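Scroll down for the structure; my scribbles are underneath it.
Should a chain be cited, it is by its letter among A, B, C and D, assigned in written order, with residues numbered from 1 in that chain.
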């Protein structure tokens, strides 16, 4: 199943190494899809590895070295993901921030962290940095639109321009597996807490998931909303690199439901919000109460008792409802983080989608040292414990 | 509820442009064609071929011809039958006057002649719109039938201007049998509908609809109204011409100019109103209705106890119901039967959700 | 020369008939913006009703009144069943609706009264009358006079009565008319009734000529070029247009016929109308609106 | 006169227009610099729309002439204007209601077509490759104006504000050098207005398109335009930078004083 078996000699110990391995063994296979300009734009493993390599080179050229942190403020987009990998490629750390979080909550966080290297998606994100009085050493943007006006723009770098550099080949060897891959921050009252994920931990968790869910190359995964979360890194990114399946990005938040149906993912790693929202989405669109159609639907969705109800209900309602929601191919519906409300769990249960819960073993701690310098002993400890 | 769409997505624009984007639809169409080309000729009897299927196909084609002009390009026409007549008589003349000209080729040439005539009578559309255009198309209607009866040359000097079908032979195989004529018609209709589908989805098709929906805006964004309208007339004429040829030779066998009178034009207009303006499927639905409805009605009347409705009244009854239906459709479903189908399909794709 | 004038006069008198049908057209177009293709069917229906009543021994005036009542009833039905549901739809849609309507009316008329030709004798001798060296049919003159008086009646109706006022208001600006409390529906009913009445008269005159039969409903096809030339919105235009068409088609038949063949009166009016259009797109009396964008 | 140094893309000289003897525009002249956003303001019936119609070739001026880029002209068809690179939107939306958003945008690109209709109908030759290019270009416009969620919706079914945006998209798809917007924000709420102004500014900045727009909301006008021309009763009564115009007493008395 997982390409772990067909790796020669030593197994990769970091995410970038897995990436390089996938590129070596399955270069032409599809690694990423992004719904953009009306169609699903495809990137192969080879292309992904190459782009990450170039990015790494670009970052290096601007002084990004092992141990540095790249703060990423972007919606789920391939570029954001590749940038994170590029940072790790150089032995650095990626720190993800969700731009959909209210700026008010994020501002103090960013202000306190004062990251030196920042990737911001576009104008809004850049403005958010400004409000946090951030003056990063290096500012990279994905979408230049409207930026020409803002003053921060002067020294900012275009993601596309970074790609011009020549790829660095020897990836991620600048550091043992205990190196931190991702770090997440949150503010609790006045204190700032951090959560560090080492390559080793990610790979271990990922490997566990891959084996438990028997994930293979043929999986289609949808990277939806909760991008900037540890769970996403654990249960989507790591397995993606290990099992070598396809990671898909919707066109944008407004179209994600349509996109999910188009794509028909086999692996869905969602949070409680994801499933709750979908449940609501379905409920508000079901036939109006009182109509014969609604009675039929309710009858079919009632926990099937008789053989008759099970089969007829399946063919008339459940089968198509599952398809409309984009779950008709889903093998591994995963829930990361908090548990689902019972009715939501039940709703998907009836559709034959039994959402499996993976508790996000989050270790939030108050940083031992100033956050913009790296310490690895903590994560090291973690890996020994496990 | 029969649609499973998950996993059907396009990674290239070509896939996205496909006429039938969904696998289920493609399979359905394939099955339909299989039935039409293999099962039907094998099972069908002569009555069905000659009295139902062939006229149905030909009228669908004629409907498409008018629909391109009226439903897509928004140019109202009451002269459809005239262009059919031109097609029929031109084909006939190519057959009798040019020795050894293959049948299909002379049919195409017939279509082209009809296209020419259509362009001629379409010229006024460059200056006039709406009802005013009716005059031009009616002029075509009356002038053509007059000319064809008046000058016996067109009917090769046959008495009373009746022309009769040449032997229907394509690539050496004889198609004079009902089944043969059915297959000939079916093939031509399928090809022309495929072409029509491409047309309406192409730049030209969009320009037509632009002119239909708001010609002032169309001009402002750089669409050449004259070219667009005239092409609509030409292509519509081409389709109607070929339909006329098939009507004459594959369906009736012999025909005179008055077989293509104003009522025929109305009939075709009704086809697209009932079937659906600006829809390809609609032409089939409308034609099926027009062909089957009288049959059904007369059968129904036959069922009634004798003398309740005498045969003479059936025709009047037909007229009344037809007229009433037209009004009903214009009020209730201006986009015709096709719209009903589309709506059902939309629901089916989203079932059990509402939107 | 006499011959020319006889042809001309004959044509003009035929034109009077066209004009009569066209007037019915104009009335409805002005009041409800509907391009009423069913006008011909109305002519047929009214005339057919009238003669069939006569044949069943109903006295002339009673028959006339009954036919008129029938037309009024039809007007009400049309307004209820066709116009009201289709209010503020595109003109093309309304036109196609009247196409359907004409089918209904024709079918109904024939189902009711049968399809055979009915002779109609209005009791006016068709003796030729010597006038200034020309032979004119008395009947034609009678027809012309009837038409003339009808037009006078109509113009009185529209210029002197409250109804006329309302109608002109509606014709100018339906919304404004509504605003000042004119009931559109009622105006429509009245107008369609009046159009029916005009149709009846036209039907009788034609019927007396060629017998009352289905072909009556085809006059509508002649009315179209008349309207093109006269303009859809002008009664006087309809009259002038009718005369032009009538005269020109007869002259063409007589003088061009020999060269390009008989029966050209079937299409000549349309070609003529087309020529007019290319020169004067709004007809002789019509108003052309500037397109505002 | 402003920016005489800058190259002028559009130049109106003594334009006069009248309908059936009624003067709509009297002897108006002004110049629009390449790359600026120029606002036409003035009370209703001041002749703003008529002027836009003259520039885009919908109406023909009786007197005066227009210079666009290098083309000097008195009268021209709307089609020629489009060919020269002038695109526009209409005061009351003039979309093709029967067609989807994508199709409407695609119609905007019809002048970019090279392959013949026959090639397209038979799907041969350069037609297919061109279809891809056209679609991609249209999609870029759709993305630029954030219309992705409505790509396949018939425009007739869209709310007013969105229809305005689609019409802008259609004009933009033609890759115009001059964009004429006739009250792009009429009947919009504050939020929609702000978004629309954002789009207009982006178009001007990112794509370098010169914009001439008619707008009643003075706040918006002063906010986004760098050149204002004031009309009143078909005459020009003010012309200059927003600040200059705001000071101009004649303008104040004629317009700014009285809200419309």
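Note that in this section contacts are C-beta pairs under 8 Å (C-beta built on N, C-alpha and C of every residue); 3 or more make two chains touch, one makes a residue touch a chain.
Note that this is a predicted model, so its numbers are computed, not measured.
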A-D compared against B-C, more contacting pairs: B-C
Most distant chain from chain B by Cα centroid: A
Whole-Å separation of chain centres (CA-atom averages), chain C against chain D: 48
Euclidean distance of C-alpha centroids - chain A vs chain D, Å: 42
Separation of mean Cα positions, chain C and chain B [Å, integer]: 33
Chain A-chain C separation of Cα centroids, rounded to whole Å: 76
Sequence positions of chain A contacting 2 or more other chains: 38
Where chain B touches two or more other chains, by residue: 12-13, 16, 216-217
Residues of chain C touching at least two other chains: 293
In the complex with chain B, residue positions of chain C that touch it: 35, 81-82, 85-86, 89, 91-93, 95-97, 99-108, 110-111, 115, 221, 224-225, 228, 232, 261-264, 266-267, 270-271, 273-274, 277-278, 281, 291, 293
Complex contact set, residues of chain B against chain D: 12-14, 16-17, 195, 198-199, 202-204, 206-207, 209-210, 212-214, 216-224, 231, 278
Chain A-facing residues of chain B, complex: 1, 3-13, 15-16, 350-355
Partner chain B, residues of chain A touching it in the complex: 33, 38-42, 220, 261-264, 282, 285-288, 293, 296-297, 316-317, 319-321, 323-324, 326-329
Of all residues in chain B, those that touch chain C in their complex: 76, 124, 127-128, 130-132, 134-136, 138-139, 142-143, 146, 149-151, 216-217, 262, 266, 269, 273, 312-313, 315-320, 322-327, 330-331, 334
